[in-house]
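Each in structure tokens, the structures are laid out below.
Below are two complexes that have chain A in common, paired first with chain B and then with chain C.
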Partner chain A sequence: MAMEIQFTNVTADYKIGPLRTAQVLYEINLHIPSSSFTAIVGPTGAGKSSLLKTMNGLLLPKEGSVQVDRFLLDQHTEKNVLKLVRKKVGLVLQFPESQLFAETVEKDICFGPLNFGATPQEAKKLAIEALHHVGLQEDILTKSPFSLSGGQKRRVAIAGILALKPEVLVLDEPGVGLDPEGKEEIFQLLTKLNRELGISILFVSHDMNEVARFAEDVIVMNKGKVTFYGKKRELFTNEELLTNMRLELPDALRFQRQFENKIGKKLGKICLTEEELADVLMEEGYV
Partner chain B sequence: MGKSVIKVENLSFRYDQRKEKEILSSISFTVNEGEWVAIVGPNGSGKSTLAHLLAGLLQPESGTIRIFGKALTAETIWEIRKNMGIVFQNPDHQFIGTTVQDDVAFGLENMNMSYAEMEKRVEQALQQVGMWEYRHTDPSHLSGGQKRRVTIAGILAINPEIIIFDEAFTMLDPKSRRELFSLLKEMQAKRKLTMISITHDMEEASLADRIIVLKNGRILNTGAPQEVFAQTTELAAPFAERLRRLLIKRGRKLPEQYMTETEMVEWLWKSNLPM
Partner chain C sequence: MNKLLLGRYVPGTSFLHRLDPRAKLVSAILFIVLIFTAENWLSFFILWGITFGVMHLSGVPSSIYFRGIKPLLWLIIFTATLQMLFTTGHRNFIEWGLITISDYGIQTGIFIFFRFTLITLLSTVVTLTTRPIDFTDGFTFLLKPLQYVKVPVNELSMMLTIAFRFIPNLLDETQKIMDAQRIRGNEFGVGSIFQQMKALVPVFLPIFVNTLNRAEELANTMDVRGYRADQKRSSFRKLHWQKIDTLCLTVTIAIMALLQLLNSTM
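So, the complex of A and B:
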């Protein structure tokens, strides 16, 4: 699946009635390859959610352009093109379960495909397929979305987007508000979609443990600009950048730094998870 | 120990009376004045239901909730609410004002406060959460974390004796979260503020004076964080505890009890000192 996203000098703001807000994105240049798994991090108000919205045309660049596959998004993009882009790039907002509305799970998931012109039979087939992808059984189709647990609701909401067969999935804090188990399930699901179906995943996160465990690449944003884009290990090795951007360390690395300060010596490797840290502590004979 | 300000006795609840399954089964606990109690447990453990019952949004099926010695009922709820603030998970559902400062002032207006006093409290509360410079902004234009701070400012301005946080900090970035925690700790000490936080975040729970673990509608365990984390293995423990358990699993010898991160770093360091 070849589905790249190219940002060229993208600047954006929100127009509210006659007024415009201060710019939320400044001169963004990014090339996001197909089938990548990228976390977007940065302080609150850095423009992370806005960056996600520009990828599916919910926010159009004021200057510059976003190229999604063969479609160009800018001020002049026409509605029918936007519709196609929104099918290819599925956007999962924060707390997507708050947007479930239909009386059954089936109606909720089928809404998107029907809206994009699928027949009822096709829509149902897509709904069942999407449910399987998110690890839910068919018998849930007749239930009311409101009778489900928080984690299930979120998976139904994601299934509603997957039923459109997107090639890119962009998610605003997909794990937020779920218990550790629910969070783990969501990220296992995203990993599977990425590896098995080749869907590119971009997710906004404040949780560096999520980033350290699941992402491959990281985009760091600050004040509407991209200040880093690269491999996660490269980011967590760059102490200066981490400090400047006031980014938290993943638990394992924070522990490692404390220990290194105490013993006055560095461990041989940057540890991003407790397994990695346990390995290194044992290999180097500290425990 | 202070006097008890919240007393829950034999509280039971079902959403559907036709079904047997109780969401909460005969729960009892007390919270003392100036205490910070964290209520934790997996999704479906009954945490959120308990939060809604404490907030008076649901009525108990049986059992009682006493707040300041008064039973919480439809009649007493408004009296009790004057001294009890509640912060829910999704801040969008709690905005009313067209600017940040209006929103914070809203709760005060309802209390018949003088304009000067109101102004003072709004400024103080917004300063405390670091949102004073956004006072003229429309709350709907704020980011998730900023909205959360404004909601908390709205509650702080009312100056309640009890605050209930229902997954209130999940939207915040870790740094703002820590800043707010230390602010709350400070207020807890200064003003004998009583707090209940209902949370998945074990870091938040580890800051509380006491943790109550719920599972399937019952209290599974309760105690100081270090006791609860060491005893309740099904709880997603803080990092140092997970590392301790992992190293033990891999056959290494480590102390039997729960250690904070600093204690564990200290222990590792000491055990590596030359004899």
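So, the complex of A and C:
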């Protein structure tokens, strides 16, 4: 499955009411390869959510263009092209559970596929498949989405997007507001989708532990610009960038820094997760 | 959706922004009465002049006003056209079944068009230059006499404050949910009227649910912070009546008198 996204000189802004807000994206140039797993980080108002919206055509660039597969998104893109792009790039907004509306979970998940021209039978099949992906049982299909718990609602909402069979899945803070267990499950799901189905995943996050554990690449944004795009290990070894962007360290790395300060010497390798850190500590004979 | 100007405030420092909300409200109401009672070309000419003058004074770019009036334009034109088609007068130009186009009909049609447009523009001036909270304070003050006939003015004003306060939230949320459903392939403003209405169901239902939830949360928060409806309350904000407010009202009344004079002599 080859699905690349290419940003060329993208500048964009919103129109809120009669007023235009200042530019939210400024001259973005990015190339996101197929089957990648990318985290987008940066302070609030850096343009992270806007970047996600431009990939799906909810926000069209004022200048420049976004190339999704063979479709070009800019000011002149037609509605039917937008629809094709939206089927390929599934976007899960922040707190996606607020979009649930149907009487039953089944109807809600089928809503997307039906809009994109699936027959009722196909839609039901897709719904069941999506439900399995997010780890829910089929008996939930007949329940009202409003009777579910918070974590279940979120998973149903994500299933609603997965049922579209997107080739790129873009999520705006998928873990926020969930308990640790719920978060873990969501990210396990994303990892599985990425590895088994080759779906590209892009997610916005403020939690550096999530970034360090699950992402492969990281995009750092600040004031509407991309200030870093590369492998996560590159980011976490770049002290200057981390302090400039006021990015927190993942727990394991913070522990490592304190440990190194105490013993007065550096460990052999930068550790991003607890497992890595434990291994290095064992290898070097500290425990 | 975000074309709607209702309840939006454009910050500024113009004369109109500084005016006491009570003066603004009373003047606006008087002008609306004037607009409704105007019945000749000269009065409308003067009223258009005043409206444009006030719009200019507000310091808000006029393009914003016209964008605000755009969604209502079709409704206004529709009403005016109905007037034009079904009113008989001295000279009927076309008579075709029920439809008659007459000199009188054309005039009333144009006047109705003027009235609606002027009222929309004037009230937009007021809402664009008055903070919702000031607006409510002014409104509460003007309703105060009704307390003596047991109208719960304070509660009404609290309701109004809350309603105003949540308009931007509601608009933002609507936008968000529309986006969310658009992602799932829902298309707005496409197809027959029936299809268009059907496309709105996935938007309105979540909004209803969220609004009800939020209302309950808000009620609980108010309870927790000790809000009691039956108690007398003081206000944190004080309105200050100044010379320019008296001036504004005087000018309004003078214009009213002038137009009345014009009406009676013509």
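List of remarks:
By our rule, the second predicted complex is superposed on the first by the 285 of 287 C-alpha atoms of A that agree within 3 Å, B and C clash if a C-alpha of one lies under 4 Å from a C-alpha of the other, contacts with A are read in each partner's own complex, and residues count from 1 in each chain.
We adopt the following convention: contacts are C-beta pairs under 8 Å (C-beta built on N, C-alpha and C of every residue); 3 or more make two chains touch, one makes a residue touch a chain.
Predicted model only: the values in this text are computed from it and were never measured.
Partners chain B and chain C, brought together by superposition on chain A, clash.
In the superposition on chain A, A:Glu274 makes contact with chain B only, while chain C stays out of contact range.
When both complexes are overlaid on chain A, the residue A:Lys79 reaches chain C alone and has no touch with chain B. Using the contact criterion defined above for the overlaid structures, shared-chain residue A:Ser98 touches chain B and also reaches chain C. When the two structures are aligned on the shared chain, A:Leu164 is found in touch with chain C, with no touch to chain B. Touch criterion met: A:Lys262 reaches chain B, while chain C stays clear of it.
By the document's definition of touching, neither partner reaches A:Gly198: not chain B, not chain C. Counting the residues of chain A that each partner touches, chain B and chain C differ, and the larger count belongs to B. Of the two partner chains placed by superposition, A:Pro33 touches none, neither chain B nor chain C.
Looking at the shared chain after the overlay, A:Gly90 reaches chain C, while chain B stays out of its contact range.
Stretch 73-81 is the one among 1-9, 73-81 or 145-153 where chain B clashes with chain C after the superposition on chain A. When the two complexes are laid over each other on chain A, chain A has residues 16, 98 in contact with both chain B and chain C. If you check the complex, the residues on chain A that touch chain C are 15-19, 53, 56, 58, 79, 83, 86-87, 90-91, 93, 96, 98-102, 111-112, 115-116, 146, 160-161, 164.
If you check the complex, the residues on chain A that touch chain B are 14, 16, 21, 43-45, 49, 94-95, 98, 149-151, 173, 176-182, 206-208, 246, 248, 251-252, 254-255, 258-259, 262-263, 274-275, 277-278, 281-282, 286-287. Note for the complex: chain C touches chain A at residues 2-5, 8, 10, 63-64, 67-68, 173, 176-177, 179-187, 190, 201-203, 205-206, 209-210.
Residue ranges on chain B touching chain A, taken from their complex, read 42-44, 89-90, 138, 141-146, 167, 170-176, 200, 236, 239-240, 242-243, 246-247, 250, 252, 254, 261-262, 264-266, 268-269, 271-272.
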